[in-house]
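In the two complexes below, chain A is the common chain; its partner is chain B in one and chain C in the other.
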Partner chain A sequence: MLTVQQLSKTIDRQQVLEDIDFTVDSGEIIALVGRNGAGKTTLLRTMVGIIRPDKGDVRYGPSSIFEKAELKRDVIFVPDSADALKHYTINEAAALYESIYPSFNRSIFRETLTRYNIDNKKIRQLSKGQKAMVTLSLAFAVQAKYYLLDEPTDGLDVVAKSDVLKLMIAQVEARNCSIIVSSHQLHELERIADRIIMIEKGRVKAIMSLEEARETSVKLQVVFNDQVPVELLERKDIEIINVTGRVALFMAKERTKELDTFVDAHDPMLVEEIPMSLEDIFRVQLGGEASVF
Partner chain B sequence: MSFKVLLKKDWKQVSILWMLLVFLGVIAFTVPVWSQMQYFDQELRNIQENPDEYADWIDGDSSDLSVQDFFNENNGTGYWIGDLQSLIPMGGVLFLFVIFGALMASVLIGAERNSQMSDFTMSLPFTRNQLYISKWLIGTVGIIVSSVLGGTLMIMMIRFSDYAFLMEGSTNRVIALVVLLMLSGISFFSAALWMGSFGGESISQVIWTFIALVFPIGLIALVQGSVYAFSQQYDSRYAFFDDLFQSTFLRVLSPFSNLANVDMYQYFTNQAEWQKFLAIAPWSALAFIALSFGLGLWMFNRAPQENNGRFFMFSKWLWLIHIIMVLCFAMLGGIVLSAFSMQSGFALYIVGFLIGGFIAHLLAKRLLYRFNLKLKS
Partner chain C sequence: MLYKIDMKSAEPLYEQIVNQTKALVIRGILRPGDKVMSVRELATDLVINPNTVSKAYQELERLGLLEMHRGRGTFVSEDWIDQDSPRAPILEAIKKLAIDCHYANIELTEALTLFETEYKKVGENHADSTATE
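On to the complex of A and B.
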């Protein structure tokens, strides 16, 4: 089990991480979501020892990852670009990984490359999608226990995104490894994540499954008999998505009886609960704007 | 886990520079020797062809002057154009080691910090000690290979030339000089690598390397200049700093000072100078290597990785750099302004000190803090 304990970090007098606490169990995919600058990348970089925390620890089993560097054979960080290996050919990169990680399985790596028709050439000459596939394939061929992926689908086209997601799911199914993935592509995370960690201003705002998140918040479409009441529009605890004539579509951070009573008091013609997407949950919980995505 | 893995990774980054260093090292050790020998040959031919022009300096008939006679101490001609010490190409080799030491170190650490390679490296299952030692080893081995190959070829060139007699009885001293050059090269590289432990990217690392190599001598020169500016006379305090320039203390802190204090004119002829050399020069170089390597290792371990890209990574200590910068420029300002007065330049020194300090303060604010953030972004 990978345990993050009370992780705190201050950079330039700004608290970037504050008392981050969570555990990662085997075989789960955790989505790390938060607005730009919330501290997601810093958290991932700290979890693998690139950045030293001011306080707290990251423990793999009984040992601290900051004290035993060899533990990082089982905790692989994949950054959002393949710049680090851009001067390597694919074969050279595989040889490097093979020499660093004894568990690296070259045939698994080759198999993935063949499946996606990627030839051996310098990594900088590959397309963005191919670079993402190569870096992920290299990491997954290590057969580690934990993977920390920072924006793995950022800037990829629809097909490449789908390939990356399939690769991630296949790894978890085949080897019961765990993946912590930070991304702004919420509709994709929604399809694969077992749990969501919401980060806001360096703090964990919530850790929950998608189902739990959906139960916490609510998205309603209400058709009123008359105009949409002004009192509804003025409420601070809801986010109005759209108002068209007598129809209001809104989300509430919390599902409360008081809200139900309020809506009922205005004698609506129709109240329909709309299933919440991860994007909706993100917006209502973290106050994100559509432009964030 | 095999240490070879890290060497392999670092080799990929630095291989071209490494091979160029070895190649140019061989050139720097041998070509100047060859051209100096050509110069000796030319001078010898001149004397043989124009004996009358050299009659005042050379006794007897110089039309059949031998190479040995040419360097005969009693004749003086050999002394005039130099002998063994002028065959050893100290300057060129040192220049090469300074340039390549800084370049290799900045590729090994600074360039890594410029790109995501640094994050990749730090996420590998190695300790920061292992990462630093691997980088140090690869550069140091390059300098050793360059010196051993170049030095050996240089000695062989002299040994099998008409000027072999110059080295008779002095082979050990030539070898010792090559070893000192090699240790100085390792010193420059170690210092440059140490600067990479806190310089947040390659340009900063090169600037810090330049500062580090000049700083110990420069600081003493500034204090000595300030003392002179007050007194306007070469008194005992001034002499104290003169002694300091030649002290073992400074030779340990500055590879340049260590080399400058080897008296090349007496090195091959004076037994006392040779003994002094053996007692101080190599040990000072070794002490500097140990010091810079140790400090580099210590700071590389503690450098906040989140400050990659900054001019100085230990941002909590920027104030100290600020103070040192202001003090040094203030002293320089004082010295420059007091030079306009023939008598005691106390007042002028103070004015210059304040002006220099103020300008340095503005510069420090702009360069140290704004530049620090600009580089980061």
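On to the complex of A and C.
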């Protein structure tokens, strides 16, 4: 298990990370979501030991990454651009990885490249999508336990994006590794993430499982025979979106039996469950302040 | 593609897979003894989290609809009967349908005939698939 404990970092007198706390289990895909400048990249770089935090720790199992350098072989950070490798050919890059990581498996790497029809060229000659596939394939061929991917889908077309996501899914399924992947667009990751960590101004704003939220939260449109009952409007466990005549539209963070009984008792003509958008889920989970999107 | 994942639906993803698998079996598109996609295949195909697919498969196994055979894959059970099929959502859907029919000026007799036709269509397919056992 990976544990991030009270991680804080100030760069140029600006607090970039503030008391970040979370854990990641093996086989989990975590989406790290936040606006540009929220601190996503700094967090990932700190988690892999590139940046030293002012306070806090990052532990992989029982050991801290800042104390035990060998851990870095099992934690791979993939930056958002392949710039560092651009003068290498693909084979040279593979040789470099092989010299750094003893567990690098060349045949796995070759296999992935063949599947996506990528020939041995200089990395700067590749398309953006191909670059992304090469850097990810290099990283995955190491067969590490933890992967920290910085915006791997940024700027890619739909097909390349889907290839990248599929590569990630196959890795997690095949080897039960964990992936923490950042993006400023939640929509790209909502399908594949077990949990979402929202980060804003260097702080964790919310950690949630979308699947769980979808199971517990509800958005209801209720048409009453008579007026919308005042007792409904006064309930603390729901958020009223609007009331038009005899129709009330509201969301509840948790759909309780009591709520259903309450609605039923007020003689509704129609109770309809309305699909919740991502924005709805965030709004109801965070309590009316999801201004992030 | 047999599955359609709707991110906008209120239904959790794993439930969508569970329900759609049930529907595929009831409609005879998946038949008893058929091999279904592995967790990885379905997850990469749909581009969704493999844990979500696992959860759905576990639920389907619990319901007796799927059987996992180590090393061979996952198969549709030979003797699955939809016992705990939830009636509540069906009654709910019928309620809504009744209202829609009213608005569309569809008389009760016509609505019943339409329903009967559809019901029989599904029944035929279902009967076909069970007859081949």
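Assume the second predicted complex is superposed on the first by the 210 of 293 C-alpha atoms of A that agree within 3 Å, B and C clash if a C-alpha of one lies under 4 Å from a C-alpha of the other, contacts with A are read in each partner's own complex, and residues count from 1 in each chain.
In this text, a contact is a pair of C-beta atoms (placed from the backbone, for glycine too) under 8 Å apart; a residue touches a chain by one contact, two chains touch by 3 or more.
In this text the structure is predicted, and so the values were computed from the model without any measurement.
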| request: Have a look at where A:Asp194 lands relative to chain B and chain C in the superposition and call it first, second, both or neither. | output: second
| If you stack the two complexes on chain A, which partner ends up touching A:Lys236: first (chain B), second (chain C), both, or neither? | neither
| said: By the touch definition at the top of the document, which applies to A:Asp83: first (chain B), second (chain C), both, or neither? | reply: first
| message | So in the superposed three-chain picture, is A:Lys257 touching just chain B, just chain C, both, or none of them (first/second/both/neither)? | response | neither
| task | Kindly classify A:Ile169 by the partners it touches after superposition: chain B alone (first), chain C alone (second), both, or neither? | result | second
| message | By the touch definition at the top of the document, which applies to A:Ile100: first (chain B), second (chain C), both, or neither? | response | first
| In the superposed arrangement, which partner chain does A:Ile51 touch: chain B (first), chain C (second), both, or neither? | first
| field | For the chain A and chain C complex, residues of the former touching the latter | value | 27-29, 162, 165-166, 169-170, 172-174, 190-194, 211, 214-215, 218-219, 270, 272-277
| message | With touch defined as at the start, can you tell me which chain C residues reach chain A in the complex? | response | 5, 7-14, 39-40, 43-44, 46-52, 95-96, 99
| field | Partner chain A, residues of chain B touching it in the complex | value | 1-2, 4-5, 8-9, 12-13, 115-117, 119-127, 130, 304-306, 315
| note | Residue set of chain A touching chain B in the complex reads 9, 11-12, 42, 45, 48-52, 69-73, 76-77, 79, 81, 83-85, 87-88, 92, 96, 99-102
